[in-house]
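Next come two complexes, and both contain subunit A; in the first it sits with subunit B, in the second with subunit C.
This part shows the complex of A and B:
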């Protein structure tokens, strides 16, 4: 076993730190067993309890100094616990909507709960990995589950198409990522991120600059695909459309959060920010992602596709944050958490209206505000927040990202970001106008069933969006503490 | 006790929110008029009692109420901090004291109105805003209150908004005030640019140099809006469309005096610019005289009182223009007592006339007459207040008005212009005595001109008790109103005032205590004049009231015809309110509307909308192009991915 140039916790201590992950693994296995034995009544609750225990356990281990555990493979402390909690919350909030959705679709697929827990596990592995191999394993664990989500309704053509497309393009991207990892390994002899961050390894990487650029490019391509950034975004609308709606919300939030954190960690360890060309690629991708996502979203007539394109646009804002060095990294964790709350809410509500017999075409939502004002009001809050209207949390998250970018002198990108979010406001608010102000005497023909669980989820999410919009420091302060220094987000003008 | 002081600010807000929200949600609560009335009244009465305890224990050092930091942006830091000092304590007691009496009165007056809870929610909100205006320690909190009272005024004037005329009156008030508010915002920008702070203690201590002229002028323009002076006074007479308690509280006793309060608060800025002081005093004299003339020819009981308010506000501004800030605030106080009493009395009369259901216009004094027999309390209190506003000795108005007159007169030795203003003020005071006696006589005495099949009834005691309290205050307010604490002798004032020409340091930055040494000196110098002035104004008032009383006793309503003959063509102008609304309409409003419908509309439709639509068209077209890329075919997607990979790697390796 090779000697590490950094301190690694003993196996005993490592095991303690790994407990929150093991809880997830155990929960997934229990869910599979319960399913196998035909006990399917309260799978969602079992999954929820597992996720909550894991999140609380991880939170209790939060510690400003980051530690390397498990033979240098994983990181704990620092930002790891907070990322763990945020990803788990993405899963928990999705659970509010999944069961009811499947019931309304008359397809009680009980595998989803185990898959959801496993994919959360994969996401956390990927985000908190300290070794590129673990990053890759986490990414694949997550992706496998997501492929199955996309093709969950086996008998439906759209679902099969979505799953197949996602799988093929996803493996394509995994190959690029793996290729990039192997070049890095070839150049330095390491896949361990802490070892790669040593000056000696970094020097070896830059010895052969073109090869380093190929490696960096391939790593970026792999991650850009996972976060649906331009020009690797085109699977997103088709896949989200074919995926059960609440799970599409989960895909758009948890998996992206994990991928962005993993990309941020890799960028930081390999010091990508120091290479102008790499930053240029990232910035160009951010630029086109923001423009493309927003402009195409504005032309959508289907609510679910509109949300899919808007999630591309949001990836653009996060990439913008990634270009802004350390402070940007902080801001994107905040951004993705807030985005998780409002996007799961929006997808969840679309899912509540959808049933086997209705589509998600915007026209059929016309006049919903008159038929069900509180329901439509909830959706309006999610949409307003996505559009970035104060005092909702979506405004604060956009503000943090843009102000970080401006601080790092990315004025042009920030300007484009602000201008394109105006387009964003257009298509989000158009839905609100359709629901409330432009009914043309129509009322939606479909029946709304307000099951208790999803309604509770909506109330909680709306409350959180208002709370964090007015008191953003409730989230910013723990993020600051996790980073343990550097320029503070809260101290920005 | 100190710990309770935040309640002075917060209780009216809680009251407003509680009554407004509960009333909005629960129709059952709405019907419970007594509960609503008690809640609303105590939300104002408790702050009043707190202010009185603060006043009783006041030792000259300002009491601070520090709530929380409002905003912090760069150099600007705004706090929700309040300060109780000589000036704000007095204003606060007037607002909450008169306010709670009017709240109690409204319990009876608004009985049975469908918007009962809304009325009290607005009224409480008004008190909250007014407290911010007068107690705030910085201009931003003051401005919050300034805008807040404007909003409440709008809501309450248009309280019966189903009536188009009333809704329009509300809009007129709001727009006229907005013009003034705009000037105030610019003044605040200027102050912030000059000294980087908006706290009153910094403003009074600062030397603005040449900018003092602009700051003072802009603040005065703002004051002409809120306090109804030329040229922005036109909204106040229309504002009488609101329920009468609103006219009493907002449009007579409190809100309309905010301009006077603000100028007194930052008076060193005004003292630094004699030019603006001259403008103030001329505008004030013109306003007072014009409004008094109009009041003579009005037949609407509230209309007379409205123009009388404009005229009295003119008196207060004359005092400001003479540098007699203490005197202006003194008149604010006495005016609050007798004018609130007059308005509430008129409300009581209107109430009675409405309940007879036989007269078309319950506010027209031509259909009244002889009401005193049926409404003894209303009649007596109305007469007391009339004597007070006319300036009959012993009554409060005499002292404050006499102080204003002598402050003008003594400034005349330095600047002869003030002799002329003094002359206008004396003439206006005589007119005031005449028209107030006229309206009171025609309402309560003489022939009964209402249809005789029914006769009016006195209002319930919940309405008459506040009338009596105010009438007593209107009588004795001149003696006890300004205790020694405020730098005033407790007894008969000597016409003491602050000569702004000679003032050195002026009113202390925290309040009204004045360096009046130089003034006292000037007074000694012209000692004999003082002995002449005091009896002169007293005799003038007594004589005028006596004359008017005898005149209308002899001729009754026909007396108006003789008045008309006396004034000749001028009378028609007075009756037509000098056609100022029509002039504004022709000179400002119609050109403005024309420009709006022609030039601006064209600009909006062609240029602004063109730009917006053009952007939208670009987005749409680009979006359609992009959409075509999204063919749904996997091979196309893979192609795009491949192109992306090739481009990225090419750039990285060869770029």
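This part shows the complex of A and C:
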């Protein structure tokens, strides 16, 4: 009908490119069947194997020139494979902690593995979509699974509250996004992102500026809700608190990475950076997210809530990167990957200390460093990295975002970012002080979990944080390469 | 001319249904008002010659979903809402923001109302929808099944009695 001329063969080629996604789908279905037939012992391993195969397959397809497949619905090549790998890794690292956590909570719900794989699939769909319909379907797939994670412990009030809040507010936000998409469709006749990036469509969008601003605003509301940015952050602490801790870590990393990439792609294609008003809204949101997240996080006494508010603060830094156009987009993919490593580690370790009868109040962590120095040392590394202390990877990721903001002349925002990350350092280091230097002769009462699998996960994550902190180019180079050849996001057929 | 008349009839009934949904104190009446809203939407679709969409709207929404909804309301024996319309400062703020939003929308759509999409009249009919679903929208169409599976698992997780083992 329009500019697309897809032959039947391209469907076969498309299917080949979609194999990594189909692997995820298959893994999810196999997990469901295994669960149904009562084979529950190795579900986590099956999920992990499926995720790894999918990641490796996607990585093997990496190609600097991006291709549009499935009638323009999906993007492959360009940044798509690396985003695929990063999102899958978020799932894989969470798996290290999930099984042990559920076992110690005496609430084995074996459906989580299938849901985790499906939500990874949704995230990848959302991030690598080339059509707003796919963006929406991916977002809904992801959210549907996350809603269930939030309400997993259905006998607990906190979990019920989390599930209901997340579900109601999330559906509301999705509706905003959908409304924005439908206005864009009404103005141009396309939902396809590469068709929208054509000068003709962009001109149609600019023709009616007020309507375009409404559409952009609605799209932003939808995305900003998903990344928990100010002023759509209110759900975050309650939802993370009620969610099983390792899954909250997954929620805070994978889904945000996907939403940020999707937002970045939409911004790029619809050329949001060219409209001052849209950039101002984003910049204001970034500003207030950084300030609010950090200041409120500093006042928390519950470790899980503190991590939730700090994840709001981190969203602010990433939004700051998004304001910084192209370089910023590269930097936020790096940032979100590093954030994935350290945040899943931190949430995972909080989950290991939690048991069915203890809460995550900070007081109960007092003196942990004296009782279990290596364990507390691991958590300290994650917290130092989240605070952005060199030579850990968290420093490099913050550095990349701030430097790209400064290069794009966002000096004020970058200054605020640096100042608020000082507040961030305060509340992360406060926990470390509490664990090591301020025991007041108290012995922590809880019994720690030293199961092998989560311990292995911590060792791997700590090693990766050190490695990427000292050699950030190991990650930066592939990201550059993904963007480099033919600047994947602009040069489209 | 006829289309304009039909539009106004359906639009007014639809908005009346939506208002009834919000302001009825009884959940059953609210659900019935929603059905009214769905039917008038289906009428709007029909007047835009999207017959397939209209049929689906009635079958799926007004038929399946709302019947389920009514069953749930009646089974749970939901009481009439008390004191929903009591004033609360936060509600006032929400009301003002909502009002501003409506004003904004009206202002923006005022200029947009005249323009129409360049679609053919076969756009909303079964054949066209089927062809599009099986070609261009094949991938999203298939991927929606993942959402359905996830929702299915979710329903089971939330609803079953012994979920821990």
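In the analysis below, the second predicted complex is superposed on the first by the 476 of 493 C-alpha atoms of A that agree within 3 Å, B and C clash if a C-alpha of one lies under 4 Å from a C-alpha of the other, contacts with A are read in each partner's own complex, and residues count from 1 in each chain.
By our rule, a residue touches a chain if its C-beta (ideal position, glycine included) is under 8 Å from a C-beta of that chain, and two chains touch if they have at least 3 such contacts.
None of the values given here were measured: they were computed from a predicted structure.
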Requested in this report: Quick one: name whichever of subunit B and subunit C touches more residues of subunit A.
Outcome: C
Report task. Name the contact category of A:210: first (subunit B only), second (subunit C only), both, or neither. Result -> both
Query raised in the report: Of the two partner chains, subunit B (first) and subunit C (second), which one does A:49 touch, if any: first, second, both, or neither?
Result: neither
Report task. Please indicate which partner A:295 is in contact with in the superposed arrangement: first for subunit B, second for subunit C, both, or neither. Result -> first
Query raised in the report: Which holds for A:70: it touches subunit B only (first), subunit C only (second), both, or neither?
Result: second
Requested in this report: Based on the superposed arrangement, let me know which partner A:234 touches: subunit B (first), subunit C (second), both, or neither?
Outcome: first
Report task. Considering only touches as defined above, state whether A:118 meets subunit B (first), subunit C (second), both or neither. Result -> second
Query raised in the report: Is A:172 touching the first partner subunit B, the second partner subunit C, both, or neither of them?
Result: first
Query raised in the report: Where does A:278 make contact in the superposed view: on subunit B (first), on subunit C (second), on both, or on neither?
Result: first
Requested in this report: Pick one for A:455: touches subunit B only (first), subunit C only (second), both, or neither.
Outcome: neither
Query raised in the report: For subunit A, what residues appear in both contact lists, the one with subunit B and the one with subunit C?
Result: 210, 214
Report task. Using the touch definition up top, name the residues of subunit C that touch subunit A in the complex. Result -> 104-105, 107-109, 111-112, 117-118, 135-140, 143-144, 146-147, 149-151, 153-154, 156-158, 163-165
Report summary line: Contacts from subunit B onto subunit A in the complex sit at residues 73-74, 616, 619-620, 622-624, 626-627, 629-630, 632, 634, 637-638, 640-641, 643-645, 648-649, 651-653, 655
Query raised in the report: What part of subunit A is in contact with subunit B in the complex they form?
Result: 164-165, 168-169, 172, 176, 210, 213-214, 216-218, 220-221, 225, 230-232, 234-235, 237-238, 277-278, 280-281, 292, 295-296, 298-299, 423, 426, 493
Requested in this report: Within their complex, state which residues of subunit A touch subunit C.
Outcome: 4, 6, 11, 14, 18, 25, 28-29, 32, 40, 70-74, 106-111, 114-115, 118-119, 121-122, 125, 131, 133-134, 137-138, 140-141, 144-145, 147-148, 151-152, 154, 163, 186, 189, 208, 210-211, 214
